[in-house]
Every structure is written in structure tokens, then in C-alpha cells.
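A short write-up of the structure that comes next.
Labels A, B, C and D are assigned to the chains in the order they are written; within every chain, residues are numbered from 1.
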């Protein structure tokens, strides 16, 4: 058409259906794009709907494998976490979705991409920063940031009226009083009734995991094997899983049936607003915790400290803020790989009524842990008297501190 | 006596009873010192035993209040954690014990202090670095690092023989196949059968908390209030608790009956060995998690990031390594206080079968979270179109990155 | 007037004179505001010009004292530096200017403030972030970011035509082929011919400092005294200076006559562009270097390391990005103060042909340095044999590393 | 001999000559080892002396090339600096010396290595930690930490008496009132009269560089080219130098004749003592400064910030403390390499009377700097109006801060 082709991230829902129609109204040709990152969705029905509304094409791209291997696995390898609690489930999916959308846009010769993200959230930033890095010349059409659009569609009713007018089919299911985002790694819930941070998430909100009080009365044990910090085998009652997607999905299955992986937080968005979110991250939270445990056994203390303080922290922030396709992420990923050379071994795990715990671990190849040496009962290759010198030298600085306090009459011995 | 007075940290057990006798044999006068940091112990029986063996005096010091207020509370305020898992229960008690022991030594005119710590652990370092800062001129007698002593007493049987010879009363209770350290904040288990990191901790080892599978079938809800980052009220079915010791003990009670706070890790000791430890930290783990949650609602993003990356990390390392009485701890504590000015509010919590979760939170005074502003449904005081500029400017650097990649023929769009 | 009052940051130059006129044309009443931060300028002539063009009022605020005490001194106390080279001279002045401008705006009942900063630089960001923190309800008029304005005035000639049309007096001095910003702390040069990063700055560009090759052939020595990390006395051939402004100006005088403090860099702006700048920072660069030296003598190693890695780094970035009025700056300033308690003493300095050097230092009160103890020739209060234990314990981890390498056949002894 | 072979780091001076004799007296066979790291020394005379005293062999190993390539170059690539001032000249040489000494020890079948380092310094720690990592089973004989030895030889006179008794030739040159350590990268001066931190280093102490006041009256210009952060060509009046050793020596020559690279500091040793040191680091200081400059032009802002805050800081500390052969150094070196991919280009430099300055730089391949885009005079591919949105979004958090201040009556507008 006259104004060129646009590749629209389409979900089949009311918002992106109206945006599709709107773009057509505006004179664009629209290529619909759907990413399968493991969310529960009737992709074929959505495709049919997109075509019915007027999309020239509708692509459904299965990104599950690359999502696990390129995003979730490095996140496990560096124990990525944002603000001590959030495992970045949504953030992790954005890069593969943006990349596939740009690939479709390039294949179809689109001059622009479009999405249905709101103007206050993180996702618009994540998608668009990825778009611009992936194809610096791309244009972005973000209707929810366009005053013409958002002043016209001020609420759900305006969209429903427009859908009715344009004969866009609307599913009769009542909208839930919150918004959701689902993928293989997690499901998020925010907005609506959750905006009051003191409103407890209703039990029927949680979609992926069973209510812990209704989980089995028997704990379930399983073993996760890692090589160079990445999961390579999950041994459980359902057998051994080694393929990344299979392994990850099985970890999800175990965690979901035991109610593992729910969190409820108020977090700080990139744009400076605070936001309340509830997240279910079943398998990923177990894999990450098991990985942390194995690092205790197999990783050098100082590499771990440097990695914790700088790589983990920075990697999580970068992902959260949508800077995956960036020089700094490339730089950090080199460090993640370098840090994981020795993280080889297995962790025995337990899931039970919402709780994940580690009950043992071993490594056949890494020997940093030495039972006899650490033993309090044996002397081994180590002279306890050496520690006297170690303490004396470490005390040199502290004695000066103590003396200075004494001279100033500020005894450290007096209680506060 | 000729060789002067020594203040010995005494526990009533076989080791320190033999050390007491040994010091007397060596010609020292011994002042026994016992610290009550909340461990379950028959202090009076131990005192009687110390005096019977030959101590000139035996001090029992109740340090519970200062342990909670001066150590546990700042640890909560900065979310202290070592190597992502360990809440520092043992490390936190050492400074108050060392300080009280030095105070007794000073009162009694002792030229030296002594302890029964082994020569491979962290505790010897923690105690002695504290001793030297508190009183730079103090001498330390550490028998388990003295070759004369440790070559003579090579195992428990040598100690039992010595006790028998010296008529030191020995309790008939069979020694447990691990060693323990208990205080108000936690109980630790290490050594013995736990030295194999793949041996699952036996169920009867855990002392403080109930087995989660035997915990009540009903969740228990309660509310923790904070002011300037410190717990000030615990509302629960047992009433409202506001005194620090009372509040902390009640948090323990709730956590213990629901099996909350068990961890099992391999950690890196200060002296460079790895060590396996199991820890129960019932109340402290809940108070810390609730505190983290409230920071989400009430703390500025950038202060939080700086605090997380530098204060929390450094504070935990300093405490773990026994550097509480140090210039750097004093320095960091100023930052902790400064970071907590706005951490005022309450967190609604739930304990259930080993799991702690947050189900809501509010603050009457802090307004960083603004429901209507964060709302996806309202425009409020914020123009969504502004975000376009925000993204454009953040994209400047990324577009250059993308262009450089294109020029080098390394398309970011191609999958790995 | 109908559209209300605007407080314009006015310099007397062509740009802000045209903006003043433009705002009047647009129907605003304009209050002109000039900040005296020590730049060489005929304030009275500029005031007269502003009033002549049509400003209702023209304020000239002397901010030199607060600029030194509130901004430059804390920067010295934390050794602030951006990207290893830039001493933040421009950034440091912005907060006091923004604050005084808002104070005038409030006094005059202005609904908006305005400035003549370009749309690609750091200064617009620094001023406006400060304005919004100082008075969240303020409006900002930034003509150089307004397409109407910048499309009309595409270059200097358009402005000259407008000035001629509006009868705005224009000084006949030929414009320099770069832009400058001067204050007590520094003078910056950028843009124009300097945009080619390989063009050497012409000798006649440097305004504050003498060409080092033309500086005196004799070095000049002087002594700077610090208390709690702040300069309190400068002893030099011109006498003793103790008042902050006097002391700072004298440091400038010394550095200027010896050509000290020139740098030439390419730096990274907040908005993601790289920019070439030349800076003269005479006194500040000497005061900062002397302060660093004194910290060596008087500051604890670990406080220094924490401060260097976190506080200095973060403080410089915050200032550079214009986040002075922010929670994080308040937070960091607490740490700066806490870190400087012991930084008391004096540094003997030398300036000579562009070079600053330290030739001695002492402290009457701080005793962390102990000549006899550090002496290689004396034993003192320290047993060299203790170091054997210190090394042994530090070697535990490294021996494991060496053994693991040996087992893998990767000898460390072989050269790369 | 009965007690086995020892490889002694031998210098030809009084100390190690006496130690050589002492080891022979003690019944060891001694292999003398001398490392040529570029210090000015008569190696052949020293070898002759070692053999005369009784060494079975004397190895002279030329380590200059590996010293430059393996140590100095990575230090330049990460801008290594300790405590803001010290360029680590001594620390950098230790790893190659220790490695060559262990190689000789292994070749000769020595069970132990020995050195003449004092018991209070950093070098003993650096050498021994390296020895233990390189060969975990090695034994170390450190006479200056052995009470038998240091109680016997309490001062220089005791050594002279011993030398006389044992007929060890002693050079008649009067000992200097300080100790020195020289290599290709630097010369250090400490102890003796320098122990008073307020004693100005005497002019005749400085060995490598000319007194700046006696340096040429004409500045000297030259150009340094880098590839991936490493110097690859030095263009100067003496021609083009590209071989690392040649390039480095030429940089030294230039810096030495212009008096560049002197510093005088009080630093914090690993063992907790403070120490005063004077250092000359001619070529390395210029190469490092030029490298920093080129990073401004060619390196991404965020990689640079991460590298500055973590890699540079940690790398310098690790080197200073003697942890070169460690897991963490290996880990960090991966990051250094990853950070330098784009650091390609050239820097035009000037040396003059102690001062080094940059007068221009360019890169043929890296395009992060874009003259027209950064230009204040051109609009280019960038809309200034975008910055409005950037500022608005960054201001969201700050407006909340300002509002909270207002509500508490703590106006930010009021001066301190």
C-alpha cells in the first residue's frame, strides 16, 4: 500500500486486533507476527483472526528452543535476579521475540514494526531498544504512545466500540482484573486490582502453579546435573531429561505440581515508576537455586565474589532494562562463560508445598572441596598453627584502629 | 598465680573443660566466661562445673538484647547474606561475645583470653580479630592451634582419658556426629557426617524448626512493621510484640512451628577452605525477607542499587570474616542508616510448611509508589509520548552498536 | 503579561539575547537571571542589555562561595573524576546555578524557567533535572529543543538577522571557533574546530593557564592543610589562605601561572554521544591530587578501597549526569563525610611547567603510618615470622588452583 | 648434599650473598638464580661471585620480553593503577621472576626455593604465593622471617662481619640510604631516609629520569598506535618501533629524557602496614595515559564503566597482593581482552619537563565518535526534541523526591 508495510506483534487479543485495524485504516499494509515462547495460546485461531481483519500475512514463530538456550540458560549460569526477588521471566523473552520480529520485517520488506505495549511499562523500552540495535534504520509505531491513538481509545469500552464498528470478532470471555504475560519461564500478573500493593493476589489468579496448600503431601526428589554452569540432565521420576527444552519443561512440571516459584513484589521500572507484580517462575527458580548450590562446591571463592558483585548485578539490570542487544551484554557474557568453567556436578533437590530445597550435591571432576582438609578432626596437609600468623597479620590494621579509639577515649568495649 | 590470669570462653563441654584444666596445669589462673546469646544450655550447671574444675570465677553474661539490637537488626536493615544463601547467624553473635569476654578480662585484670575454637574454622579468626581490635595489647591462648596441645589431644578419646585422669565430670550423653552452634538467630551444623556434601542432613539433626512435612496444615498469617528499616512491631495471633527481644523470639516461634529457615550449603571460609554447613535461621530469615519486600515499596531505586551492590555485599563479607570491629564496618554502618530513612511501613506475611511468603504491604508515610501513576489505565501526571524521547536517546548508543555490527557483517539478527 | 512570567538564564550573549526577545514576542514576561560562579564577565553591561531588550528584572546572584563550599569541596573530598580524566568543572557549577534560578523564579512568581542550552549536550539535562527536583511543578522552556525555534534559527546568521531586526545590540567581537564555559573551577572548550578529535587545541585557546613552556623556570612550593578531607589552609609565598573562596582562588593563581591543569579528552555524554572537550582546571586539580596524597597517609586501607570503588565512581557519574538533587547524591554524601574523619594533615606540593607534584606530607593527629613499624630495619611490635602463617593460609586456595592445573596438564610454569 | 638442593634468587648484593653462604653452611646445595627484567646490573660479575661463594650453578634468565608482553601490556590494556597513583612496577615483575625461578628449580630438582625478601614487605608475599600456585609442593626458605637468622643478623654490620669471616667479596660502594628495585617498567625507592613521609626525595635519588627542571626546553611529540588495546607502533624522532621490547624501551627513553613518570606516595601494603614509596615509571605511565585517551574515542561507555569499576580495580589489587597466578586473575584477563576489541587507533602525545599530554587522537576503524552527530551546530540523524522526553522520564523519580522533600518542609531550594 501507499504508506508501506508494517510488521505488527499480534496476540489475537482486543488491543492488538484494534491496532491491526487501525494501522490498516491509516493506510499501512500489515504483516502480523506471533512469537511462540511457550505461552498457552490458540495460535491458529489468532492467525485466522489476523488474516480476517486484514493482515497480508501472519507469521507464527516457534522461539522456545532459542529462548531456553540463549536467554534462560545464561540467566541460570549467572544466577540473574533483579532487586533480590524477580527472576526476569518477561525480560528474558523480549530479545528473542524482538529478533524474530525484525527478521520477519526484513524478510517482508517492512519499513516499520509495531506493538501494543502501553506507554508506562518496561516492555515498550525493551522491544524498541532491541529493534533499534537489531536494525538501526527501523521505524517503530507505538500507538499507545501516540496521543491521537490514546486520546481516541481511552478505555476498554472505546476499543469494544471500535471492534464492533469494524466487525472485529471479540471473544466473549470476561476480561480478568489484571494483565498477564506468559512464557516458558514464567507468568506475570500486574495492573488492575493488583495495583493496590496490599491487595493479596487472589488464589485463582495463579495460573501455572498449584496452590501450595493443595500440593501433594509427599515431597518429590530429583537431581539436576550441570556442565560449565548449564543444566545438562534432570533425573526425576519421569525419567532422565537432557534436551534443553525437554529438561526445562520437566523442571516446570515438577515445580508446578508442588507450587514452587511464586513471588509478589513492588519493583522499580526502568522509567522510574514503581510497579507491583506477581510472578510464577516454576522451573527457572529451581534450576537457578540448584546452580547456586553447585557453585558453592565447585567455584573458586574470589571468582564467585567478583561474579556476584559485578556480573550478576549488571547482567540482571541490563536484561531488565531491555539492553540485551548491547556492547555491555556481549562483554558480560564473556565473563559469565569464563566464570563457569568449573561448575560441573550434580545437585539433589526436593520440592514440597511451595518450598524448594537442596539435600545434597557432588562433583566428579572438581576438587576444590576436600573433605579431609576441611575436617575439624584431621590435621591433613595444613598446619593449624599457620592460622596464628594469618590472624596476626590481619590484626595489624585492626590493632591500630583499636589504639586510635583508645587514644580518643572511644572505647570499643563499651556497649552502644 | 605466677603466670597470670586468663579469661577462658567456657561452654561446659568436654573440650573447654579440658582446656580449663590444661590452663591450670600450665600455671595460669582461669576466669571462666559464658555468653548467653540465647542458646539452650544449663548455664548454672556449667558454672558449677567450671568452678569445680578450678576456675576462680565464672561469669555468665546475658547478651541477648545487644545481640538482637546491635547485630541482628543492622543485618536485617541491609539484608545481609553471604554467598547468596547464608544469613550469618554464627558470625553475628561473635562480636557481642568477644566484647563481653574482653570486658570481663579487663575487669578481672587478665593478661590473656583463651577459647576452644579449632584451627581450621572461621570462629578463631572472628574472635581473635575482635579481641585485638577491642584491646590491642591482649594476648590470646588458642590451644587447638598450639602443636603441644593438639599433638597431645589427637581425638575425643585423648580428651576423655585426660578428663578421667583429672576427674573432670563428663556427661554421659553420646556425642552427636556433627558439631553445632546455637544462638537466638540460628543453629548451625557442620563437620562429622556432614563433611560429605552429598550426605543429606538427617531429619533428627534439625533442632530449632519442625520438619516442614509435619508442620501445621494451615498457613499462619502475621504482619511486621518497620521504622527506618528496623522491625518495630510484629502482629500475630499471639498478640502484638514491640520489644526487640520479644519481637524476635516471637518471629522465631512462628518460623519454628512452620519449619521456615533451613538451608544446606557449601561455603567458602575466610581461610580459603570450603566447608559444608546446615543452618536453621527461623525468625531472622522471615524478618529479612519482609524487609526486602518493604524496600520495594518505600526505597528509591538508585539508593537501593548502590546499597545492594556495595553495602550489602561488603557488610556480609566483613561480618563473615570477623571484621566487625573495624574502620570499614563503622563506615558501612553509616551508609546502612542513611539508606533506611524511608523504609517505613508494614508487610503482611504467611508461613506454611517451610515456605515464607509476602501477601501484601503498605506504607502510611512513604509515597514513592503511586497507584494511579503506575496504572496502565490512567494517564495521570505523565505523558506516555515522553517515553518515545526516552527510548530514542537511550537508543543512540545502541544504534551505533548495531551499525558497527552491520558494517562488520556480524548481523545481530542471525541466531547464535 | 497574558502568558505569565518566565525566568530566563541570561548570559548577555547573542543566543540568550535572542531567546529573551523571542520569549517576549511569544507573550511572556521575562525575568533575566545571571549567576556569578566566578566567570570573567561584565555582569552590569549584560544586565543593562537584558533590561534594554525588555526584561522586567535582571538578577545577578553571586554564587561563588556556595559553589566552592557545597560543590567543589565535596568533590575534592571524594576525589571525583569522570572517565579517569575529567574533573567535572562544568557539572559542579550547574546545581548552584539551577537552585538560584529556581529561587528567583519562586520569588518572582514565574511559572516557567528557560535556558539557552543546545539539544545535544549535557547541560540541558543537568539544569532541567535539577529544576524538576527543586520544584516538581515548574515548567521548562527550552527553545533549542523546540522545532519551531530551531527550524527558524538554523545558524548564527539567522540569529544575527533577528537581532538586527529587533535592534538587539550585538558586540562586534568575532565569535571564537569553539564554545566555552567558565567558572571558578575551570574553563571548558568544545565544538567548532575541536570537533575533530585529532585537531590539537590552538595555544591561544587556553584562557586560564599559561602555556607550560612559558611558565616560570623556577618551581613554586606550597603547602595545603586539610581537616576531615577539606582544605583549611594554603601556605604559599602570597601568605596563608584559610577562607574557602580565598584559598581556592589562590590555588587557582598558583596553578594558572605554572600552566597546571589542562586536559584534552573524548568523553561519553549522558545522552550516549561521544564528545571532545578541552578543560583547564587549575586549582581544583592540585587540591584534588594533594587530597589523594594525604589519604595515603591518614585513611584506612579498606575504607579507601570501598570509597574508591563505589562512592567516588558513583558520585562522579551522578554529578556528570546532572543528578545532584537526588536521593542517591544525598545518600553518597553521607558516605563521603564518614570516610573523611581521619583525613587530617598537610601536603607539601610543587608546581612547575604544567606539572604538579607532591614532595612530602605529615599529620599531627593520625597515626596509621608508623615509621618504625614499617621500617625494614626494625623488628618493632611485629614478628616477621607471623607472615609465614599469613602466606600459608592465603596459599591454601592457590595450591588447590595449582594442583587442579597440574592434574589437567595445564602447567602454569610454561610461558604463554 | 644431604639436605637437598635449594634454588636461591640471587642479586649479587650483600644480603643474598650472605644467604647463599648461610644455606651452604646449613648443608644445602644451592642453585643461584638471577632474573634479567631489565635492571641495570653486571650479571656476569654477580654470577662469578655466586659461583665463588659456592653455588653449584648460576642461571641468568632474560625475562624482559615476557615481562613486557605478559605483564606490562595487560596492565596497560586495563589501565592498572593501585590506590589512584601507583602503576605497580614492582608487582608486575614478580610473576615472571617467580615462574622462571620455579622452572629452574624444577629443572635442577630443587626441593625448595629461597629469597632475600624482608618479613614486612609485599615482595615475600608476591613471590611465595606465586611459588605455591606454580608448584604446590615446593618448600620456601625465607631467612629474613626465620628467627634464627634474623636474630643473628640484626643489621648491616652483622652481615659485613659474616661476609668478612666467610671471605665473601663485598663491593666497597657505600650503601645508599634507601632501598631500590629496578626493572624495565620502573625503579622504586623506599625505606631508609624515605621512611619519614615528609622527607622530600633527594634529587640524586632518582635514577631513571632526568630532573624535570633540567629536561629539554623543547617539548617532544610522538604517536602511539594501539590494536585491541595493546601498543603496536611508536612513531617518534628515533623512527618507528613495533616490537614490544623495542617499543617499550623507546617509550622509556623519551620519558626519561623529559623527566616523566615520577610519583611519591604513602601506600597500603597487603599485610596492613602503610609504607612510603617513590617510583619512576617512565614509559609505562605514558603508554597507560595514551591508552586511556584512546578508550575515550573508541570504547563503548557502558563497557568502559563496568571495566573501570570492576576489572581495573580488581586487577590492580590482585597484582599488588601477589595473586597473579590465581583463578581470579585468569577470570579477569578474559574480561580485559573482551573489553579491548574496539580499542584501535592512535594517540598523538607530548612530553615536556615532567608533563605528559595528549594533543590529538584518531581511529580509522572505530566509528563510535561521530563528528557531525556530536556537533552542536548540526541536527543530523538526531532530533533534539527527543531529549525532552528523555529528561521527562528521568525526572519522574526526581519529582517524587522533590515532592517528598516539600511535604516534609525540607526545601531543596534553601542553601545548606
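Here are some notes:
Keep in mind that, in the parts below, a contact is a pair of C-beta atoms (placed from the backbone, for glycine too) under 8 Å apart; a residue touches a chain by one contact, two chains touch by 3 or more.
Just so you know, these numbers come straight off a predicted model, no measurement behind them.
A count of C-beta contacts for the chain pairs C-D and A-C puts C-D on top. The pairing of chain B with chain C is characterised as same-residue: of all residue numbers used at this interface, over half are used by both copies. Chain A and chain C, compared by their mean Cα positions, are separated by 40 Å. Distance between chain centres (mean CA atoms), chain B to chain C: 42 Å. Rounded to whole angstrom units, the spacing between the C-alpha centres of chain C and chain D is 30.
Those residues of chain D in touch with two or more other chains are numbered 271-273, 300-302, 309, 323, 326-327, 368, 370, 382, 385, 387-388, 390-391, 393-394, 396-397, 400-401, 403. Taken in their complex, chain C has these residues touching chain A: 300-302, 366-368, 370, 382-383, 385-394, 396-397, 400-401, 403-404, 407.
Of all the residues in chain B, the ones that touch chain C in their complex are 271-273, 300, 302-303, 306-307, 309-310, 314, 323, 326-328, 330-332, 334-335, 337-339, 393-397. The part of chain D that touches chain C in the complex is made up of residues 66, 69-70, 79, 83-85, 99, 102-103, 106, 118-121, 124-125, 128-129, 132-136, 142, 144-147, 150, 155, 179, 190-191, 195-201, 212-213, 217, 219, 262-268, 271-276, 292-293, 296-297, 301, 304-305, 308-309, 313, 317, 323, 325-327, 348, 352-355, 357-362, 368-371, 373-377, 379, 382, 384-385, 387-388, 390-391, 394-395, 397-403, 406, 412-413, 415-416.
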